[in-house]
Structures are given as structure tokens and as C-alpha cells.
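Okay, here's the structure, questions in a sec.
Labels for the chains are A, B, C and D, by order of writing; each one numbers its residues from 1.
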Amino acid sequence: MPVVGSLDEALVGIQDGCLLAVPREVSGVPMEATRALIRRGIRNLRLFALPTSSLQADLMIGAGCLASLETSAVSLGEFGPAPRFTAAIKAGTIHMKDATCPALHAALQASEKGVPFMPLRGLIGSDVLRERPDWTVIDNPLGENDPIVLLPAIRPDVALFHAPTADRNGNVWIGRQRELATMAHASAATVVTVEKLHDGDLLADPVLAAGTLPGFYVDAVAVVPRGAWPLPLPDHYDADAAHLAEYARLATTLEGFAEYLERHVYAQRAA
Amino acid sequence: MPVVGSLDEALVGIQDGCLLAVPREVSGVPMEATRALIRRGIRNLRLFALPTSSLQADLMIGAGCLASLETSAVSLGEFGPAPRFTAAIKAGTIHMKDATCPALHAALQASEKGVPFMPLRGLIGSDVLRERPDWTVIDNPLGENDPIVLLPAIRPDVALFHAPTADRNGNVWIGRQRELATMAHASAATVVTVEKLHDGDLLADPVLAAGTLPGFYVDAVAVVPRGAWPLPLPDHYDADAAHLAEYARLATTLEGFAEYLERHVYAQRAA
Amino acid sequence: MRSGRPDVSTEPTRPEELLASVIADLIGDVRHVAVGNASPIPATAALLTRERNKLQGVPRPYVSLLQSRKHNFFTDGARELFDCAGQGRIDVFFLSGGEIDGQGNINLVSIGDYHHPTARFPGSFGSAYLYYVVPRVILFRTEHSRRTLVEKVSFVSAPGISEANVHRSGGPVALVTNRCLFGFDAARGRFRLQSVHPGHTVEEIVAETGFAFECPDEVPTTPAPSAETLRVMRELVAPELAEIYPQFTASVFGIGAQAPH
Amino acid sequence: MRSGRPDVSTEPTRPEELLASVIADLIGDVRHVAVGNASPIPATAALLTRERNKLQGVPRPYVSLLQSRKHNFFTDGARELFDCAGQGRIDVFFLSGGEIDGQGNINLVSIGDYHHPTARFPGSFGSAYLYYVVPRVILFRTEHSRRTLVEKVSFVSAPGISEANVHRSGGPVALVTNRCLFGFDAARGRFRLQSVHPGHTVEEIVAETGFAFECPDEVPTTPAPSAETLRVMRELVAPELAEIYPQFTASVFGIGAQAPH
């Protein structure tokens, strides 16, 4: 049975060096959990962002938490490039594994299905493939002169995301964000922050059950209201545009980024 | 946009000889549609039952509708063996493609993902594999001396199932029966019968949307109350045990089966 | 829900209760037990395991009864059981066979030549996958005879053992019949008689079994379920089971018709 | 939602409106158009196509704006767009590039050596897949310069053309810039100047383009959107768009701040 407790308790299983899977901006980014990990001084994380990232990856890179990053894009969207990501790539301070969105989904699905690889079309002739020695091209055994890419299964140590609600059995309502289910299925452990607890059993109502990740995939749940802030939690709250614009402005310099960290991450230490 | 109309209209796209995908007993078996197809005298269907079947396959076999059947088991459950299935196999009158449940799911997922095959563990050393010349064993290209089965993608001509409700845009609420989504994704066309129409847009409410198959996968919808009878529609009605017991009794003989057909299939011709 | 029955815990042990108790002991301390369709005795055993643990404050295992709505925690469609097993998250599953042979091969398909069979069973279901990936598969067959327990099955729905290079994280651990309990020795690929149910004998087992098996000099009698186990089964498990096995719970436990749906 | 603006259909055509109109004509009569993030002009074009069809009683295309909640019909998670495209169900998609070269290769990753880049872009997103499987990919880049339209990209996020034996059911059909419209000739693997936007010249296009392209003797001027097209865009499309592109709709159409979220 999953533990429903404090944020710090929930994050205990996320240790230095682990392979951590997180979702894209519109699927429930666990920003308060991210700030808590930065405050804890986590190091050498291998971040797997499904399939893209924004503030979360940039913040963790700037705070020195990441050894490597596997994703398909990092950007602040309408607020411009991700400054710490861009700087780190140019300085060579993190190991970047550039990917393309469906490859990351497929690699997790391989793990979800307990198979060693998943085939994927596309990719052949792209430099994305050229730079991925772990991706293999074979001749389709069921075809003829038909090259196809095989992606090895990815099994994250921990999947971490933010969702609208969970019940006391650890069942988590994820709605249409079904890649969160695949992420949990594929990962050795799953940690979830939620806006609030649901009274009763999410699986007891067929309508709610349809959007629910069962508790037996979930190791820990913490209630963290506005836990995606300043990113959006779709159908619940929008992005905090003013805050993101401030981040984009500050993070362009090291001093500004340090100021942002101090003000919006470390100053919450007591929380 | 899908057509929302009569059952006969909805079934127009299901023609003799087509590869027809249908779900297992607890996922919404389109029994009234099945009876309509039998009344229409459909022939040479290649039925793909995901991953098992019960009354539906037995009835269609007995009525002479099937050229072949691909599934993992056919049985009437607590009412005993499926008599027409058993007789047809022993007489060699249909081409049986014995499978195992996860192989059928995986083969549809290959089609869903637009890849030519899906790997699957298990199977090696079983006679299920021996009798499937279309399934290939390769040495895992990412491993060493590690045989693994590749299943070719299956793309049904039509997916046909029964669901609780659909809206006028052809969005269909499938709830937890997510294999129905995969079946629709993987098939060239999808035809759905539903208990009733939903007023409004199923996609407009995030809670309902989480259990909804979007209308752009759906070609036709017909409203058929109790369309799964005498099989169950979970969360809506139970199986009609008395009727199934009667079927199991009658279908053990050709005469009894003919009597059943006359009484419960052809007598509804006017309906 | 008990509908005025007499005090159930003093009634004699039914054969089904003995088997459920044997199976519950085989399940062990695990996280997730899944039970397929048409398996009332394994379902009883799984729920018994859960309820006994619950009484001791142990919040496991999850029990997924695939035929149930209430006891089915899967929300990703019919494939989730198999994906979940492939992830290593299903610890115990139950399989049976029209035939089971001495190497643990099971046959759910047909007797005789596959293309011209003399008997046909429903089909292999998920066995050709789950038998390979579920660590503890408990074989279960109430008809213990030379017809069902054979030297070599006609059709291998799923093999009991595999070559060393075949990916295999699971397989059979035991075979429970109406007469006895066999353990399975995966290294040697054969069964070992572990205990004989009350009222049966080793000689009878040998006579009624179509395959050779390892038979120790001393074979214990299968222990009867404790009064507490009987009480848990009858008072806590049976009402839960009535949703999906009304006929079984009516005949074994005397309830079911009154059970809520 | 029109918040007291003047009669919009008489205002002069904005450059963004011209481009949206050009793209709408490229979309053609299809079933499903998907638009990725940060693409307000393609989104305008896709909705324009749908609204113009709707006025003529044609109930297509589906328009999926991936950044929107309201205009996003996917319910199977973030992978569904890609699966859907792999099934051949996405007819039109839009891609851009930090660099685009004369063979239709796009670069969304970096400039210079990949391991020691002088500039870094966000990344390839889904391009290394969608470019291969969406039949009509419309390339779109508002900055038409020798910096963006280059002879050879530094990094191929996705190639414009592939070897004959590479599975490829899709690829580029056109490149729309702030100066002109190029068609793409997949057989020859090169662009062809198709029309020059009002106020621009062929000489300017040649001077500002880093790659060689086919240039007919007579190059027409890109036709301005009709009054009806402008009306549909301003009255029907702009309010729909304000949900996800408030800044864009405010600056181009003068609405957005008042739009409902």
C-alpha cells in the first residue's frame, strides 16, 4: 500500500544519481517537489522528461542537480529559450541525450510491456539517431530491405508527477494524461503529489476509475496544493505567466538565476 | 464525422470476408449487431476476438458466418464449452488461429503505433507458437543468445463493439475498457453500438473525456438499447444467465441450435 | 449477508475449503495475486490470504479477481494484467489444464492431432505468456486422474520448463488436486509429492497419476485448515465471493443467492 | 468577445493574415490537421480551413491544437498524436527549424559541432518521426534570411527526403516564409519558388536565401486573402484562438485579453 504523507517523506526514495522520469508541461509537472529536491541538494540525477520539459529541467540544471538529461526539447515556450539548459549544453556541463517525442513514449512502453525493445518508424537519416549509440537499426525481420530502429526499454528508478487528486488507497486520478500511467507502469517506483485527497475510493465509481492509476503502482503520495505552480495543472489552473516571465529574465544570468533560487526555492525552506 | 444512425446503416461497412475485430465478454460484446449480421447472411468473416470470445463466436460459427477465427479461447464460462466452436474445430470447418491473450493485444498495439511488429516474451517452446507460421522468432538484436517472438501488426478492416454511450460527434465513452481504444486505433474503420446517446460533448468534461474514444476514430454509431444482451454490459447490466443456460443446452445439437437461431435471431427480423 | 445460517465455524471442513487453505499457504507473503476466470477455489484462497493478513495488520496482497468488477483494480483495459505481469508486478497466478504432464506442461487446447483433434478445450488464454513471467504459478486441477495428469500432453499451451537461454522469470511452483499437493522442482523439471489430503493414500495417488513423480518415503497428510482459517473463509471471504461465484458460494458456503450484485 | 472594436473586415490585411491564408490553401481538403505548440499562424490557418468548410457544409477537417484543451481531441495521453500519425490519420502537420536547408532538412537542435555547439535550440520535438509519416508537412519560418535558410543544416533533426527503401509516407510539401512560398519537389529533393508575397521581389528572395532553389521565369505574387477569408479569420477564428495565443490575437486581431480562459 502506498504511503500518504508529507512531501519530504514522499521524496525519500528519490536519491542522488537515480533515473527520474517526469512529464511535460501540460501533464502535471511536480514543481513543488522539484523545489524540495533542490533544497535537499540532490545531485547527479539522470532526468528523463517525457517527452519535453520547460522550467523544471532548466531549474534543476541551473541548480546543479543533473548529470544527464534525456528529452526531446527544453524551452520556456512563449517566454523564450531555457537559459540554464542552453548555457549547460554550450558549456558541456550535462550529458544531453537528444531524442524525439515518440521514441521516448515507445521506450517506456517497451518497459511497460516487459520487452527489451520497441521498434519505431522515422529517425533513419536523422542526426538524432546518429547521436544515439543506444538506438539500433536492424533490417525488419518480417520485411525485406526495410531498415527500422529498435529502442531499448527504459526503466526509470522513479516516476514523479503532480495530479489533481488521489485517494487514501493511493489510487491517483490522472484523466487524459495517460502517459503518466505508462510512466508509472514502466518505472520501479512512483511518487505523486496531488492538489487534494479524494474522499472515498476512486476505483469504486466507473467514471472516475476510467481516469485512475491504480494504487498498486504508487509508492508514495503527498498532498501539495498548487504543486505544479508556476506551471499549469490543466483543467485546474493556468501557468503563472508573470512569474515565468520573471524567471526567463532572471535566469539569463548566473546572478539572476541565483537570485531566483534564493527567492523562490531556498526561501521556502521552512515550508 | 461519424454517422449516427440505424443499426443496419451502421453495419453497411461490414462486408463478407472482412477482418472483424470484437472484444471479450466483459468489454461490451455487440450481440444485437451480431444477430443483425447473421440475419443479413454475412459470410466468410475472419473474426478476431480480443482476446477471447464466448456466445458471439459460437453463434457466428454455428450460423456459418466465419471463415476463420483468431482468438485465445472460446467458452461459455460457467455454462460450459462452446458447442458450435468445439464441433467446428473437430470437423475442421473453420480455420482456427490459436493465440494467447497478450499476443493479440500486442499485435493490435503494433498497428496502433504504425510499426510492422511487436516483440513479446513467453511463447517459446509452446505449441501455440509452433502452429503460428506468421509469428517469427529472432535473436534479440540488443541481447545475446536471447530468442524472442515478433508478432506482425494486425490491422482489422472493422472494429465492432458495444458501449454505454456516445455523443452526436461520435465520441464514445468506453471507460476502463481501454483495449477498445486500441482496437479502434488499430482498425481501418470502427462501428459502435451504444445503449443511449449522450446529450452534449463527452470531450467537454475532463472526467468523462478520460474514458472517451474520440470521434475521429469512429465511422458509425447506432443506438441499440441492451445491445450486449444476453451478455453483460459491465456497470450497466448482468449476463442473462437463464438465457445463456438455454443456449448452452440447445446448441449442443444442430437441431437445437437451429431452433435457437430461429427463435432468438431470425424471429427478430422485423425489429 | 449471513442470512440466518447456523454458526458456520463449527461445520466440518468441505473439500473446497481444504484446497483453498492449501493454496493460501502456497501463496506466501506477496504483493499481488491475480486470479483468472472460472477459478472459485483459487479466488477463495487469494481472498483468504488477504483477509488473514489484514487481521494481522499486514496490508497485502492486492487480490485482482479478473472476473469481478469490485475486486478488479485494472484500469488500462484487458491488456493491463499481462503488462503488469511482464513488469514483474504479479507474484502469483493460477493455471489449470485439460491435461497436465509430469514436466509441468499444460494443455488448454486439444487432445490428439492439433489439426484433427478428438477433443477440443477453450484455448490457451494467457497461459503461453503468464506461465513464463509470473514467479509463482500454482497449478490447480480438481480432477486427479490418468486422463488429466498425463505423461505427455497432446498440445503444449505453455511448457513447465524452458531452455536456459529463454527469458523466464516465472513458472509452476506446485500442483494442487483433489487428492494431493505436488511441489514442482524446476531444476529437475518434475513434480514431488508433498502431502496427501485426508482420506487419500500414496498408493491411490500413484495409481491415479499418469506421470512419474518424486515420492519421498514419508509423505505427510495435508493439514486441515485451522478453526480460524475456516472462520475467515466462511465469514469474511464467502460473502465477497458471492458477487462472481454465486453458485459456488451457495453450494460450498450456503450463501450467494442473497449476495448483493 | 469582440469588445467594441471597429468593423474588422475593412481593416488592411496584416502579414500574419496573409501567411495564414496561404497556409490554409496549402492544407487542402483533408480529415485531420494537427498543430504543435507555439504555432499561432498555422493554428489560425487550420481553424480558417475548418470554419470556411463549415460555412459550406463540409464537416472537416478535425483540427487538433496540441497546446489547447478545448481544441485537443486526444484522450490517450501525449503519445496519441504520434500513434495517430503512425496510423496515417494525421494529414497535415507544421514544422519549423532554427535552420532549414535546400533539401528540406530541418535543424531544431544546434549550430556548429553537436558536442560543442555555438548555438542551441530547444530540440527536435516529434519532428524526427512526424516528418516521415504525415503526408503533408508544411514548413513554416517567418524569418527568411541566410541565417535560417541555409545550404546545409548543422544538425539534421529530420531529413527532407529519404532513401527509397526507408519507410516514408510523409514529408514536406511547402515552405512558407515572411517573403514567399516555396513548393517542395520530393522527387528532386529541392524547393521551387511558387509565389512572392506582396511587397517582396524575386531578387530579394534570391539574395536572402542561403540555398539554391528552382526559380521559374514567371513567379506570381501571392494572392491576398479574400474579404470573406479575412472576415472568417477575424470574426470566427480569432476568438477561438485567444484561449491559447492571447498575445498573438491581441496584437494581430486586437482581441485576446478579454477572451475566456
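The rule is short, and it goes like this: a residue touches a chain if its C-beta (ideal position, glycine included) is under 8 Å from a C-beta of that chain, and two chains touch if they have at least 3 such contacts.
None of the values given here were measured: they were computed from a predicted structure.
Taking each chain's centre as the mean of its Cα atoms, which chain lies farthest from chain A?
C
From the C-alpha centre of chain A to that of chain D, how far is it in Å?
29
Indicate the whole-number Å distance between the mean C-alpha point of chain A and the mean C-alpha point of chain B.
36
In whole angstrom, what separates the CA-based centres of chain B and chain D?
Centres of chain B and chain D (C-alpha means) sit 40 Å apart.
Send over the residues of chain C in touch with two or more other chains.
Answer for chain C, listing residues that touch two or more other chains: 74-76, 83, 86, 133.
For chain A, which residues are shared contacts with two or more other chains?
106, 109, 113-115, 120-121, 146, 148, 176, 181, 209-211, 234-235
Among the chains present, which pairs are found to touch?
Chain pairs that touch: A-B, A-C, A-D, B-C, B-D.
Quick one: in the complex, what on chain C touches chain A?
That would be residues 31-32, 59-60, 62, 73-76, 83-89, 133 of chain C.
For the complex, give me every residue of chain A touching chain B.
Listed in rising order, the residues of chain A that touch chain B are 106, 109, 113-121, 136, 138, 140-143, 146, 148, 150, 152, 174-176, 206-211, 234-235.
Can you list the residues on chain C that touch chain B in the complex?
For chain C paired with chain B, touching residues are 37-38, 67, 69, 74-79, 82-83, 86, 108-110, 114-133, 155-159, 162-163, 165-167, 247, 261.
Tell me, which parts of chain A touch chain D in their complex?
Its residues touching chain D are 23-24, 26-27, 50-52, 71-75, 77-78, 81-82, 85-86, 89-90, 92, 98-103, 105-106, 109, 120-129, 131, 145-148, 176-182, 234-235, 238.
If we count contacts the way the header does, which residues on chain B are in touch with chain D in the complex?
1, 111-115, 181, 185-186, 203, 209-217
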